[in-house]
Every structure is written in C-alpha cells, then in structure tokens.
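Common to both upcoming complexes is subunit A, partnered first by subunit B, then by subunit C.
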Partner chain A sequence: MNQAEVTKLISQLKISPPTRLRKFRTPRGPEGRLDTLRKTVTALVKHERLELNRARALEARMYTERLISDAIRYGDCHKTTMEMADYWLIEKQLVHKLFKVLVPRFENYNIACTRIFYVPRNMTDPRYSKAVLELRGNPYPSLVRDTSSNKNLIHNILLEEAKKAYRTKKYAEIAAKIDAVESTVGLENPTTTESDGNK
Partner chain B sequence: MSLSSLIYRLTGTLRTVERAFLLVLNGKYPPDNFRLCLDQLQPQENWNNSQINSHKGILEQILGDGFLFAVPKHRRTIEKRLKRKYGDPEYHMKILLPNKKLQVCNVCGDDHEPKTLCPTCYKKVIEETRAMQDAIQNELKLEPVEQEVVVMYEGEKDSKPEEFWKGKRIVEMEKPRPQWFSDNLLQKTTQKGAETSDVKPSNLG
Partner chain C sequence: MRLNSLYRCLSPKIPTTHLNIRRFLSLGPEEYQRQSEIFISEQKRQRESLGRIEKIDIQYEGPPENCNFVMNKNISTPYDCAKHLGEKFKNGSVVALLNKNHLWHMHKPLPDSCILELLHYQIPNPHVVNKVFWRTCSFLLGAVVSDAFKENVEVHLHSFPSPSVKSGSFVYDVQLNLDNWDPTKTELKVLSLEFIKFCQKEQTIEYLDVDKNIALEIFKNNPHKTKQIPDIAAHNGDKITLFKVGPHIDISRGPMLPNTNHLGRVTVTNVIKLNTDIEGSPVYRFQGVALPKVINLNHFAYGLIEERGKILNAGRIPNDHGTLNEDNSFVAQVN
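Right after this comes the complex of A and B.
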C-alpha cells in the first residue's frame, strides 16, 4: 500500500484514547454532544481546573489534548488550527490564551498536558462518580500532596544523615592531606562536595 | 253459637272437600283453598330441586362447593428463599457489608476508596481553588489572556524577587496564604547558610 498510514497524519496524543466515543444523551444528536463538550473544553481552558462527571471529564480531556497539541504543532498561522480553536473555544479571549499562554507552557512537555483525578463518591448519593480535570502548571494548590520533599520522612532523614557522614569523611581526608603536606603557603579553604542546584 | 249453625258449617266444608277430590280425580286444578296441600303431591324430583335452591343463597348457587384462588402449588427451595432475602454475594448483597477496600490518607488520616482522592484534603483544595478562580475571573474579566496568571496572597509582594513577577499577570488574594498551600514547590534542597545564629523552629514538613 502506497498510502501513508492515516494514524500518522494527526499528532499523536500523550493519552490513550478509548476505542469508541461516549454517548451523551441529548436531543440534538451528535451536534448536541459536541456542543456540550465545547462548553466543557472552553471552561477548562478558562479555569484550568474543573469538577465534572467522570465520563464528561474523560471525553473533554481528549478534545483539549488534541486542540493544544495542534496549536503547538502548527502555530497560530495555520488556517485549520485557527478554525478549530474558533470552534472549540466559545469565549474568544481564550483563543489568545491558547496560543500565547498554553503553547509556551506545554511546548517542552513530554507528558500529557491535562490530568484527571477521581473525586471520592458522595456516600449519601453514590450514583454519580465525579472527576477533577485540570491543566498542568496551573496556579492552584496541588491535589496530591508532594511528599518527596518532606524532610521528616524516613528516607529523607536517612539520606540527610548519609550526606553528613560523607561530608565529615571528606573533611577528615582533606585535613589529613593538609597535615601531610605541611605546606607553609597558607590554609586552603576546604571545599565542600555539596552540589548546589540539585533538586 | 247454636248447635244447628255448627252442623251447617260442617256439612258445607265436607261438601267442598268432596268437590275438590272429584276435581283432582278428573285431572283439574283444585280451588284456591286447597292449593297448598295439593302442591306437595307434585313429582318427587321436582320437589327435591326446588327445596335445595330455596335454602341456598345466590352466591352459593353460583360458586358451588368451593372456589380456588391462584396460590403457590410448590414450596420454594431454601436456596431461593435465602437468596431472595439476603441477595447474592457474587452479584448484589441486600444486607449491609463493611467496605474492606478503604485506604488511609498519608496527610490527614481520613479513609477513602482506592484510586480516588482523600475527601478531606480534596474539599480543602477545591474550596481554595474556587476562591482563586473567582479572584482570577474578577481580575481578568473579558480581556484577552496573554500572560500566565500568578496568584499573590497578602504580604507576598516582597517575598519574591522582581524577576518572578515579571511578564506575569498578578492576581491578588485578599487573605494570607493558607498554611498547607506551599508556595515554594520548586525550592532547592540545598539552601544558603543562615546569616544569623538564631535558632528557628523547623517548618515541620
């Protein structure tokens, strides 16, 4: 077959899309479905974090990913991309945000630019399972607590102690070296092995 | 009453009885006075039927000896009865069961289902998020968004260098930053040495 593979013609998303689309019950058919999703995508670009029903969040995520990846790939001078942005973003001030804020933010991302967390069910009415859909790099407090930087965790305490032990060992070595040389040039400042800038 | 009148009446009665017998023997109906006693002379079968029907009520005549409602003919097995009562452990149990799949949050210790957020922590975060979203939308309104938005809490203006605020849209919140919302997410693990010798209490995480 001489044709190019169809799947290679569009930008590959960093999320795994489902095999078939979810139906949303609306009297206007497929157009109505897209209309509801347009509202969600617009709100997501506007607010950067939304609480939605789970199916709606998972579905709106795909369209947002596609929109942002197209914007990164083709830029704002591409006619089709601009039309898509015009279609998906109902509030037109967000078209500026897409190309001027979100594209620079996500240009160098190796991971998906949206994130989904499942919200605990309300036990008094557990019929609807909700989810939080957010854009990465938003200014809001993180939904999952970053515990890697907590200095009171046991592995961090152990690493700190190991670092101290290594340092004292190095200091002792340097001091022994200085004593051995017995140079009268002057005292050298012991250099630390601590590496600044390591996260 | 005189004796003569009594004899007269007796003879009259005997005469009518005689006439009635004569009529019956000739195959004719007797006069009204004797109808009741003569009815008993009807054939035996007819007499029986009429006797039964007259004794029973109209419902009994229709229903006869009895009427069967739709009732279970067979007893349900014990398995089916128990399943109706308590449900099926493989499909749906009707009785209340403990949820054994709960996890404990590392931060606040609340219980939550696996693969979901902790409800207490989530509530705290989403309330703060909504407050920030409102503040941001009040600030931006309908202008085209061309810069990254940074939220600045009360008394944070001087805590960051000038370059941090440069090229960003600053949205001010009219309250101090919540304790749990750390602002130094990209803080380096190695920090500058302290300038003073005062001992500060640790930040406790």
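Right after this comes the complex of A and C.
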C-alpha cells in the first residue's frame, strides 16, 4: 500500500548521473573498481582539485556528490552516513573535514558542489582525454577567467548598450500606447458634451 | 574578390556615365600596387637612414616576471620584446603602454629606453584596449569596403569618427556612386563574409610616419583624404601617421592591433545613407560589430549586439565645413 517512492529514497544530486556505470579494467572486478574510485574521492576531499583521466573524473564526481549530499542531509550522528564516510575516505582525518568543513560550505549551495573542466586534448597523443575535477569554493586561483562581472569588458559594454536601446524602445511604445488611449478619451468627451448641448 | 551578389543587385541602378571613369578610381590592383610601392620605399628609406645601431634598455613590467631587455634603438618594437616572453604574449598583446602613460602600436619602433607594459583584452580596466580594438575594426572595415565592390562602383573612403564602443557599432563613412542604395540582408551577409575572410589572412598591421607630401602622393586619387591631409599634418607636426594592412593604407592616429587575427566574430550590420553637404555622390555609413577572438559569447547574446548595431551610429557625421581632430574624425569649427 503505502510504498515509498523509490526516487525519493536517496537525495537527488545536482548533477545528472549517467545511465550506466563505467567499467574500469581491474583484475579484482567491481570491488577493485570501487577501490580505485575510493582513492580518487579521498584525494579530491583532501586536495580539492585534481587532474584525472576524463572517465575517472566523471565517475569519482558522482560518488563525491553523493557522499557530500548525504553528509549535509543526515549529519554526523547518522550511522549509515558515517559508515559511508568511513568507507569512501581512506584517510580518517578527512571524515572530520567532511562534516566540519565541507558540510557548512555546501549547505546553502543551489548548484553542484563539484566542478569539472575538460582539459584540451593533446593532439600529439589523443588517446588520453583529461579533465580537472575540483570542489567549489577551493582556495586555488580560478581556472576560468571571470568574463561576466567586469563591466568594462567589451562584450559587457555592448550588451549594456543593447539593453538600454531595448528599454528606450519599450518605453516609447508604452508612451505611444498611453497617448493613444488619452487621445481617444479626449475625443469622446467633447462629442458627448456637444450632443448634450444639442439636446 | 568582387561581390557577384552585390553586383547583380546594384548594376541596374548604376548610370552608364560612371563606367567611363573607371580608370581613375582609387581602387583596383594598380592603385593598390602604386600605394604599396610608395609606402614600402618610404619604409625602406627610413630604415636605411638610421645609421649606426644604438642599444636601448627596455624595462618590462608584468607577467610572467619583470625583466630588462637590451633592444635596438628605432628598430626594435614592443612586438620584438613580446617575442622574448613567449607565444602567449606575442599573439595576445593588443597594445604596448610606455612609461605607464603612452600607448604604443606593437609594430612601432621604440625610440628610447622606457618602461614597457603589454596590455590585453582581459585586464581589469580595458577601456583603452577596447578603443584600440574598435578603431582597428573601423580601419579594417574601410579596407574591406574598398575592395568589396565591382569595378564600376566608385568607392572613396572618407573617414571614421573617434572610436566609441558605447555607440554600439564601429563605423566607416564611404562615398559610393550609388543613389539610394538600401542593402539587402544577403548583401550585408556577403560583406560580413568578406570581412571574415580578410581577417583570416592574418595580416600584420604596419605602422609608418610619413611627410605630408608622401601622404598626398599616396592618396592623390582620393579627394577626401587629400583635403584632410593638410589639416591633420598641421596638428601633428607636419607628419601623417599611416597604417597598412595587406594592400590597404589609411590615415589614423592609432594605435591599432598588431594583427588581423585578433578579431573573432565580425558582422557588418547596416549601411545607411547620410545627409551631408559633401559634393558628388552620396555618403554611406557602414556599420559593424565585432568581438575579439579571446572573448567567447553565445550566439543569442551576440545576436542582441548585432541588432543594436543596426541603429544609425550617433558618431559625428562628416561635412564639408569642419576641421579634423587628432583621431581622423571631423569636428565642427568653433568661431
């Protein structure tokens, strides 16, 4: 009867997970796969920015997102969450970092707490495609230039002028509409008074 | 490169009398060659007249680290200094700043020891850089327009007003012997494509200071420039600053970009007929918008900028009674 909706059982992530998990070639099968990813997740929580192979980065991102979102949702007094943190973070001092540093940082985020950049492919050796995976709010200098906040950049000046032109056009339209309404009202009144006078 | 589409649309309107004066037009390969020859010979003469090579000490300030360069006086340019710093600085620098107050074209030889800074598009306050970019766009628009039409269309470049990014578009005023030409969308698109092709040639923009007489010789077939040259020379110590890109030469105060490959997206947005008292054929205002290659903008936002660029630019409209200010644009005389 009162079955819980399956999709509501785990917290929804702010990234779109793929439909299938990526396989990594390890002799130890699925467990070996998780072991490699544990190393990456631990390193990400520790260093906050990593350069990885693209597949590894995308896969580790999902597990990190899940771990942090669970930590935010349930807190450090929840047994299962603590067990998960214990499993994913190989270095145990990082468990404290997860609950005391990362949870307060990401509590009020509306966006994902990790960020991924695809590194341009090396044309001489295109087999490996790299990516940079980072936690948001890290202390390192930004990898991308901030082109939106500086109003003096050329495209921002041009967009500002386009906005002004659009507004003046709209105001003129509104003013024309008001004038049109007023003029019709102004025309009606004299005719009515005249007709009254004629009567 | 001649625009077939333009020709097809325009040819019926062209009076046959203009076909006779084709030989005297300021354009065409012979004219370009004549101008280039004068320019190159003058450039060569100036180089040879230098005599003994002296060394100057250039103090570079900025990333990756402050350093000193020992360069050749009146030969080395800021571009040569940028070559020592690496490819990023060589290709990305827009204009040099000497002694923290003087803008300097990247290909202009340095006359003396100085403090050198290289500016790019993403500096915190890129006002001057934007202005340089906009000015170069106007200059290149002139180069594109002068080569875009069929030979039976008489093209005389007039001038462009002082560059203002806030006006929403860059401008070149050109005299064409076409009455009431209203460009179609296709014609504008073809002009934009010509512009893009021109920029893709990656030509360096050269700089040269010449005497008044040489400038008059170069522009002897352009009635407007011939009139402007004495005024400009009077304000500039009897010298005229010329810029050359490919075969095209124009007067401007400068500075300009070092190369045409700095331009990313370019559009010629509109061509509007102006009401002026200039004698002869009507004057048209060519307008366009462009962004540097390093600034990426999505097509929707760029579309908004393009739409804005279609409105008639508020820059000074040229007329017969005006003097020139230092930026090759007309200013009304104040009595």
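What we mean here is this: the second predicted complex is superposed on the first by the 151 of 199 C-alpha atoms of A that agree within 3 Å, B and C clash if a C-alpha of one lies under 4 Å from a C-alpha of the other, contacts with A are read in each partner's own complex, and residues count from 1 in each chain.
FYI, contacts are C-beta pairs under 8 Å (C-beta built on N, C-alpha and C of every residue); 3 or more make two chains touch, one makes a residue touch a chain.
Since this is a predicted model, take the numbers as computed values, not measurements.
Q: Name the contact category of A:162: first (subunit B only), second (subunit C only), both, or neither.
A: Only subunit C; A:162 stays clear of subunit B.
Q: When both complexes are superposed, which of subunit B and subunit C contacts more residues belonging to subunit A?
A: Of subunit B and subunit C, B contacts more residues of subunit A.
Q: Kindly classify A:140 by the partners it touches after superposition: subunit B alone (first), subunit C alone (second), both, or neither?
A: A:140: touches subunit B, not subunit C.
Q: I'd like to know which partner A:86 touches here: subunit B for first, subunit C for second, both or neither.
A: Neither partner.
Q: Go through the superposed model and pick first if A:154 touches only subunit B, second if only subunit C, both, or neither.
A: In the superposition, A:154 touches subunit C alone.
Q: In the superposed arrangement, which partner chain does A:173 touch: subunit B (first), subunit C (second), both, or neither?
A: neither
Q: Once the two structures are fitted together, what part of subunit A is touched by subunit B and by subunit C alike?
A: Shared contact residues on subunit A (touching subunit B in one complex, subunit C in the other): 145, 147, 150, 152.
Q: Would you mind writing out the residues of subunit C in touch with subunit A in their complex?
A: Residues of subunit C touching subunit A: 121-122, 124-127, 130, 133, 165-168, 289, 291-292, 295-297, 301, 304-305, 307-308, 311.
Q: Note which residues of subunit A are touching subunit B in the complex, please.
A: Touch residues, subunit A against subunit B: 46-47, 49, 51, 91, 93-97, 100-101, 105, 117-121, 132, 139-147, 149-152, 194-199.
Q: Which stretch or stretches of subunit A touch subunit C in the complex?
A: These residues of subunit A touch subunit C: 145, 147, 150, 152-155, 157-159, 161-162, 165-166.
Q: For a test of understanding, state which residues of subunit B touch subunit A in their complex under the given definition.
A: So the residues of subunit B touching subunit A come out as 106-107, 112-113, 115-119, 121-122, 125-126, 128-129, 132-133, 136-137, 142-151, 178, 180-182, 185-190, 202, 204-205.
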